[in-house]
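Letters A, B, C, D, E and F mark the chains in the order given here, with residues in each chain numbered from 1 onward.
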Amino acid sequence: MEQVITFGEVLMRISPRGHKKFIQSNMVEFFFGGTELNVGISIANFGGKVKHISLVSEDFIGDAALSYIQKFGVSTTSIGRSKQPLGVYFLEVGAVMRPSSISYNRSHSAFSEIVPEKVDWPHALRKGSWFHWTGITPALSKGAFETLLQGLKLAREKGMVVSADPTYRSGLWQYGKNPKEALTELLHLSTIFIGGMDEINEALGTDFSYSNDDFMEASKMLMEKFPSIEKVFDKIRTSVNSSWHKIRARMWNGTEFRETTDLDITHVVDRIGTGDAFAAGLIYGLQHYGDYDAMEFASAACALKHTYEGDINHTTVKEVKGILGGNTSGRFVR
Amino acid sequence: MEQVITFGEVLMRISPRGHKKFIQSNMVEFFFGGTELNVGISIANFGGKVKHISLVSEDFIGDAALSYIQKFGVSTTSIGRSKQPLGVYFLEVGAVMRPSSISYNRSHSAFSEIVPEKVDWPHALRKGSWFHWTGITPALSKGAFETLLQGLKLAREKGMVVSADPTYRSGLWQYGKNPKEALTELLHLSTIFIGGMDEINEALGTDFSYSNDDFMEASKMLMEKFPSIEKVFDKIRTSVNSSWHKIRARMWNGTEFRETTDLDITHVVDRIGTGDAFAAGLIYGLQHYGDYDAMEFASAACALKHTYEGDINHTTVKEVKGILGGNTSGRFVR
Amino acid sequence: MEQVITFGEVLMRISPRGHKKFIQSNMVEFFFGGTELNVGISIANFGGKVKHISLVSEDFIGDAALSYIQKFGVSTTSIGRSKQPLGVYFLEVGAVMRPSSISYNRSHSAFSEIVPEKVDWPHALRKGSWFHWTGITPALSKGAFETLLQGLKLAREKGMVVSADPTYRSGLWQYGKNPKEALTELLHLSTIFIGGMDEINEALGTDFSYSNDDFMEASKMLMEKFPSIEKVFDKIRTSVNSSWHKIRARMWNGTEFRETTDLDITHVVDRIGTGDAFAAGLIYGLQHYGDYDAMEFASAACALKHTYEGDINHTTVKEVKGILGGNTSGRFVR
Amino acid sequence: MEQVITFGEVLMRISPRGHKKFIQSNMVEFFFGGTELNVGISIANFGGKVKHISLVSEDFIGDAALSYIQKFGVSTTSIGRSKQPLGVYFLEVGAVMRPSSISYNRSHSAFSEIVPEKVDWPHALRKGSWFHWTGITPALSKGAFETLLQGLKLAREKGMVVSADPTYRSGLWQYGKNPKEALTELLHLSTIFIGGMDEINEALGTDFSYSNDDFMEASKMLMEKFPSIEKVFDKIRTSVNSSWHKIRARMWNGTEFRETTDLDITHVVDRIGTGDAFAAGLIYGLQHYGDYDAMEFASAACALKHTYEGDINHTTVKEVKGILGGNTSGRFVR
Amino acid sequence: MEQVITFGEVLMRISPRGHKKFIQSNMVEFFFGGTELNVGISIANFGGKVKHISLVSEDFIGDAALSYIQKFGVSTTSIGRSKQPLGVYFLEVGAVMRPSSISYNRSHSAFSEIVPEKVDWPHALRKGSWFHWTGITPALSKGAFETLLQGLKLAREKGMVVSADPTYRSGLWQYGKNPKEALTELLHLSTIFIGGMDEINEALGTDFSYSNDDFMEASKMLMEKFPSIEKVFDKIRTSVNSSWHKIRARMWNGTEFRETTDLDITHVVDRIGTGDAFAAGLIYGLQHYGDYDAMEFASAACALKHTYEGDINHTTVKEVKGILGGNTSGRFVR
Amino acid sequence: MEQVITFGEVLMRISPRGHKKFIQSNMVEFFFGGTELNVGISIANFGGKVKHISLVSEDFIGDAALSYIQKFGVSTTSIGRSKQPLGVYFLEVGAVMRPSSISYNRSHSAFSEIVPEKVDWPHALRKGSWFHWTGITPALSKGAFETLLQGLKLAREKGMVVSADPTYRSGLWQYGKNPKEALTELLHLSTIFIGGMDEINEALGTDFSYSNDDFMEASKMLMEKFPSIEKVFDKIRTSVNSSWHKIRARMWNGTEFRETTDLDITHVVDRIGTGDAFAAGLIYGLQHYGDYDAMEFASAACALKHTYEGDINHTTVKEVKGILGGNTSGRFVR
């Protein structure tokens, strides 16, 4: 069965409504998310089979998180429980020139306690054909890195596709491991690279510009250094300000460079999880279409995510295809 | 007395706040509406006398609906009660390239039970000078079509103005009647046609383009086929996306073609009922001004509706005139 | 596997917050429910395996309903989709001497379209050991009655336990079938009877009082007339008013009469679904404990449901056992 | 036509949800009310014809107030507009031993500007058969007192019934008039006295106790001093605390003393307007039933008001009769 | 110590959520504000020491107002209490071409009762180095004007900087004083003039245009007439519509004319208090930077205020500097 | 100056509205609290001078917490900032027999990082006359215990009153210190003991019953073992269930045993912080009244806290005295 495996922390996001600050109102709302889970749920919303692997807290917050994941039809059978609390992040949503602010409470979270013994990888991967990981997981704790590494090794042994979104966030990586070293080990077990020049430069130690020429050159160099990698996809965001973005994508698949046109997101509703929406669109796309069509699908999915509140992309294949079919005028669907 | 008569279904609209989906939140809000009622309430908000004719449910939802209509000073004395539930529609509000979605629960609603015997037309129209109908009503049930037909006949006998907004929605019309035939009968009882090329082409069986030349030609042909029709008004919407629209209008009154300039609605709050707001503005306008001024009034009223939540246009004559007077900068009114 | 099968309509409940009426506020909240689904979800919350069988609408409301059921880990694989809208009920919550009011919009709902061909019973029941039905389902439509009948026959063939909650609501039963006749057919396929004197009198055409003696006598008579029935359980509610109830239960299992003491619910939060909570507690209880202990478990579960908002009993085995262990003082659980 | 006339200030009530203080939350809700308007709307909810006479502000708050009154079918044709703002009161709702707190902003309100010239009494009363006033109105301003006096004189000339609820609130009466003198003039124009020992003692300058004997004696003395008064009704509240009240009523109609039994309101939702609900029940009751039945109706109406949020009694004749028929167990109305 | 003194009315702002009208929803939210308090709190949010001087009501609304001010660390030790209610304003927030509407209830407010004896100026100003006033205060009542005048005289004696924002609102000024005369007296006690051509023309009785040349000329003339004034700052707003503004600023400090570039506020969240945010940014800026840098700081602070709900600018020095450093793309702050 | 010093963790409490679970709604509200802070704010609400000492997070949550404390006029000048997140607890509010549930996320919180070097005790206590501590603080971390110990030593040197509420919560105390040993050290520095038989038995290693006789005996033994302790106060809660409690108190001050009568809290709004409310009432009471009057004041304050949402007791001296004066009927305060 074509099951996609995602592995990573489940976070609770708490934020005031609209553009308020915590100092302004005591009414807040929460969503569950986490970069890899966002990818998984989005794929499930496209109709794909997905299993998410994680550790959540034993309390009623952990219960609510599991329930939230089940609600989207994502398998929770490989999610364990931990005595530590679920990771939380607080969000204040900006607008126009005011950036959104995030504050994390995750450094001793349920997931940070994960160690290889807590995941029965052979069982967890038994129906899997695709494994998706991001650069957040290995940054969280030694155990998280090692558990991921073990999972990826088995995935490759089983011939699964492995997509990597090696986002590098320097504020994490507190446990001592050298980020570049860790990412190098993991990229050697990956087949699809989802990331832009920042991630490539980080992986290669280079200094390429954002130009298409540099992207192509860098991609080639990346594929030389990491021979398992077959394709490189890059999503490019241009921000007028917090409330107005444009999205396009480009790719190098070893033989062909392609790029999409800009999608103009004039009124951003919620930008969190839009990168995850791109990854999810790409994974679903590559499972069903050719490389360019997959990238276009991912691009439109990413744009649509900006219109949904919360971390999750609720969009469907039909909606994405509507955009690709040119229907961006927003006429009612009855 | 110059009372406007509107006749049609009262619907309850239920939707999550903001851009949420039903899957995301169990807090929702409701409004009452319905295309003809929206027209009536908007005219009442301009200060006009209005009576709405309908059937609503006998339960506390029907009570709340009646109460809602009374709140705007629209007469409810010709609204009957039915054992069937009130029609409902669920709405998920889109943004940017995401279209809004609507799901209806109206096929066995209170109003669909209407038959000519349930309306005492002579009494209902006794103070009326204008009758407004839309293409939704005859599409709902045989009884609805026949009741409307009877009302229009009496209205014409009494010399009332009859405005028609013959919107054609193919998803309705389940009861067997041929739509074109039904609309033909009804248009022969109408004096003002509010609708664009789609409605004209539907009525004539033609294939005119959206150009001004075609509009003029089509309008002439329409007035030949339906000699009771004296004026044709068309509202044109250009959508950048779900959140950004432009509105303009054009008309042919038998002697003169005119069009307005675009009104730019950069941040759509709620587009439901904007067509009804145009019709209401036109009716009120034609009662008080010349044709072109009425159309400009309607156009500005329509644009303003995009800034009000719910189905109802809450705008006033003063506010519309403010826009027409060039005050579109949004300075405070204190 | 010990899977409980529930079969019945999924309803959307919409109500204003607190004790408001629809005329007072346009902010409302919704829950999904339905008497048999409530039983199923409550059992799942106790840790049981449950599959719910139904038809829901094809629209986003149906999506949300499925999602809601999945959230509690209840299997939705035998739930089909229908072009009709999901059944809805509107609720205004009373207090003290003011009764709560309910208005239904379900007579042409998705579920009312069900016919035996729409359920693959052999597949649906393949893991089932217990089938629970209520008197609501056969009252909804001919198809619903026939589909249920077919399911029960197969259930009995497979030797499943069949629990019946033959609530008789006269406002339903519009499709022509004689209620008593229908219930008689269904009770002949049942093994556990959950219901009080009203249901027994209805089934037997008798006129027993509410006394314990009459209950015992009536139960014996019931078991004579319906030899498949092995046990009778009755939940007794004493209402001080809308906001203050007392609950106790009694049973006759062919050899033994037992009754529990009153549980005093001094501040009712939400009484909808409390009967379903009793049934769920009983089913779970009978699967794990003896008859009396099961009844006590059911009774405490029922009392606890009065403290949860919505149709669903969110209580857990641990919480119920806390009450049974005498901890009703409401000390914090940390 | 049997129209009831009410005359008095329309107030906007603003309060936090639940039992919060303004210091705790910036989300609040508002209702419109005012003691005489509450009486009027409650009678309209029973199905009576009602006209309210007042002055409201010219701004959008005044618009919303008018709209609110129309919503209940109460005639607003004799309500004028004023440049002053609408009166406001802020409310913090207590519980148990914590009393509710009210803070007024009404001393320069729209209504306080009223003078006899602002009300066209002959036109306003032309369909009226009953005039209801309270002791709040003459306390607000000289103009309010004089306008009321003029209205009552005409009412008596026309032979209308005049009911008086001469509540005395010492915090008002800032404009110089002697309260006792003013009330004396107004009571001489009244036929029904609604009030307890405090009001009678105030009117007579006596010191009667709350006993039934004293009530009877005091009533007789009252009717001697004010020969126009034919009946005296008294509602008695016994408070366990803020959240738990008991209500009963007693009467002297010149020939007969009667009293009702206690109604036990174990969970008060909102006690504001419960006195008005009694007056409204009494007026409606006296229009349709004998004295004792009217008092029982008023008593049950008053009890039911404690279960509705806001100032308005939303109860219906059917609901009140349900209580009187002994149905206080709060079973669902479906 | 470098304490900024602000003096003026504290108002309670009440408005429906989003773009609703009061007629549409009974859920509203409130904030406290007032033009001078807004300036004070914004400076406190930048880290400045601030004392606000005022009179607030004695009730729980006044308590909540004091609490609100303390929350931001602004000193309330010189705020007195009054028996009058706190001033209130109601707001309906417009969008696109619909202007926002405000209705005031302040003419007999707590603050309007202020007289010089109610403020102990020597004590109130003992730590102050800067006094900020606006044209609203002297317009409210004779006492307010005189109290301000007395405060300014002492401030100048102590050598404090005095900034004036002499906004002229003709709807106020009901108590008889000639506005121009009053402002002239107050401007002779001021050293920084914050205002545009309207305010300068008002002060000088001139008719200058909005051009930079006229601004410069007018500023010179102003500084001649009011020799205490050393610098003139003007904020210029260009409105596309209610939802889309642009802000820039210009200055003349006696030797140098400078202007900033436009800041484009494509999605206005709340424009109330944006002028106050400019004044606050300027005061803080002039305390810490040179004239042009202060004006740029003020301009960015003003732009940022458009993204915060409520009257208060919650922005920080770090956030403002981010904008000035060119980071207007709205990337997350983690 | 008579400043009360409180020292302890500031927690953020997050809970769904009403009786919902996190699984039921994504709208939640938050309050700040913490047992010692609750005491401090309650005293400030009585009009006392209070300084709270703590460590809060550096992020916007910490900002909001500081702001919240300032709002009540409690001094925050000795509160430091930490890179760790603020402690959080999640709460699901029970009803009737359903207990409330709490889940903590505090084990690596900002406050747990505290060490003696982070508090400048001589400066912090310079205006203090009373120090209040609880058994929660020494249980959190070694640093918290040691910092408290150091503070108490200085407090005693300065002759401050030290009140101890040595609540023992076994789920805390993870860092290795023996609880009894720690509490013994701290009690030797305390002068007022606030706690019941559980705390006394814990401190003495005894097994006294809850009877008054045992209480007296135990108190004597306690005062022998800890000679610094002069008075013992005990609050006794009797729970009908989660929604209905009774409160009374008793004391032994070395010479006199006294107890209060029960206060009946028939409708509990929020019981969190009610113990803190007792302690606060006692401290304020002992500062102003004799021992018995202080205990009665504390008892009424505690009862009143049950009517306020959130952790904080918002009650005032006037409100408490109202109760003591016998006004428990909940009449309006206007």
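FYI, a residue touches a chain if its C-beta (ideal position, glycine included) is under 8 Å from a C-beta of that chain, and two chains touch if they have at least 3 such contacts.
Per UniProt, the chains are A, B, C, D, E, F = Sugar kinase.
As the structure is a prediction and not an experimental result, all values here were calculated from the model.
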Set of chains adjacent to chain C and to chain F: A, B, D, E
Residue-number overlap at the chain C/chain D interface, same or different (half cut): different
Most widely separated chain from chain A, with each centre as the mean of CA atoms: D
Counterpart interface for E-F, drawn from C-F, A-D or B-D and sharing over half of its contact pairs: B-D
Chain centre separation (chain A, chain F; CA means) in Å: 44
Distance from chain C to chain A - Cα centre to Cα centre, in angstrom: 42
Sequence positions of chain D contacting 2 or more other chains: 21, 23-27, 29, 67, 71, 101, 103-104, 267
Chain contact graph, described as a line, ring, star, complete graph or other shape: complete
Chain B residues touching chain E - in the complex, by the definition given at the top: 29, 71, 263-269, 300, 303-304, 306-310, 314-315, 319, 322-323, 327-334
Chain F contact footprint on chain B (complex, rising order): 24-27
Contacting residues of chain A [partner chain C, same complex]: 67-68, 70-73
Contact footprint of chain D on chain E as seen in their complex: 14, 21-23, 26-31, 57, 59-61, 63-64, 67, 84-86, 88, 90, 92, 101, 103-105, 107-108
Residues of chain E defined as touching chain B within the complex: 18-21, 23-25, 94-104, 169, 171, 239-244, 267
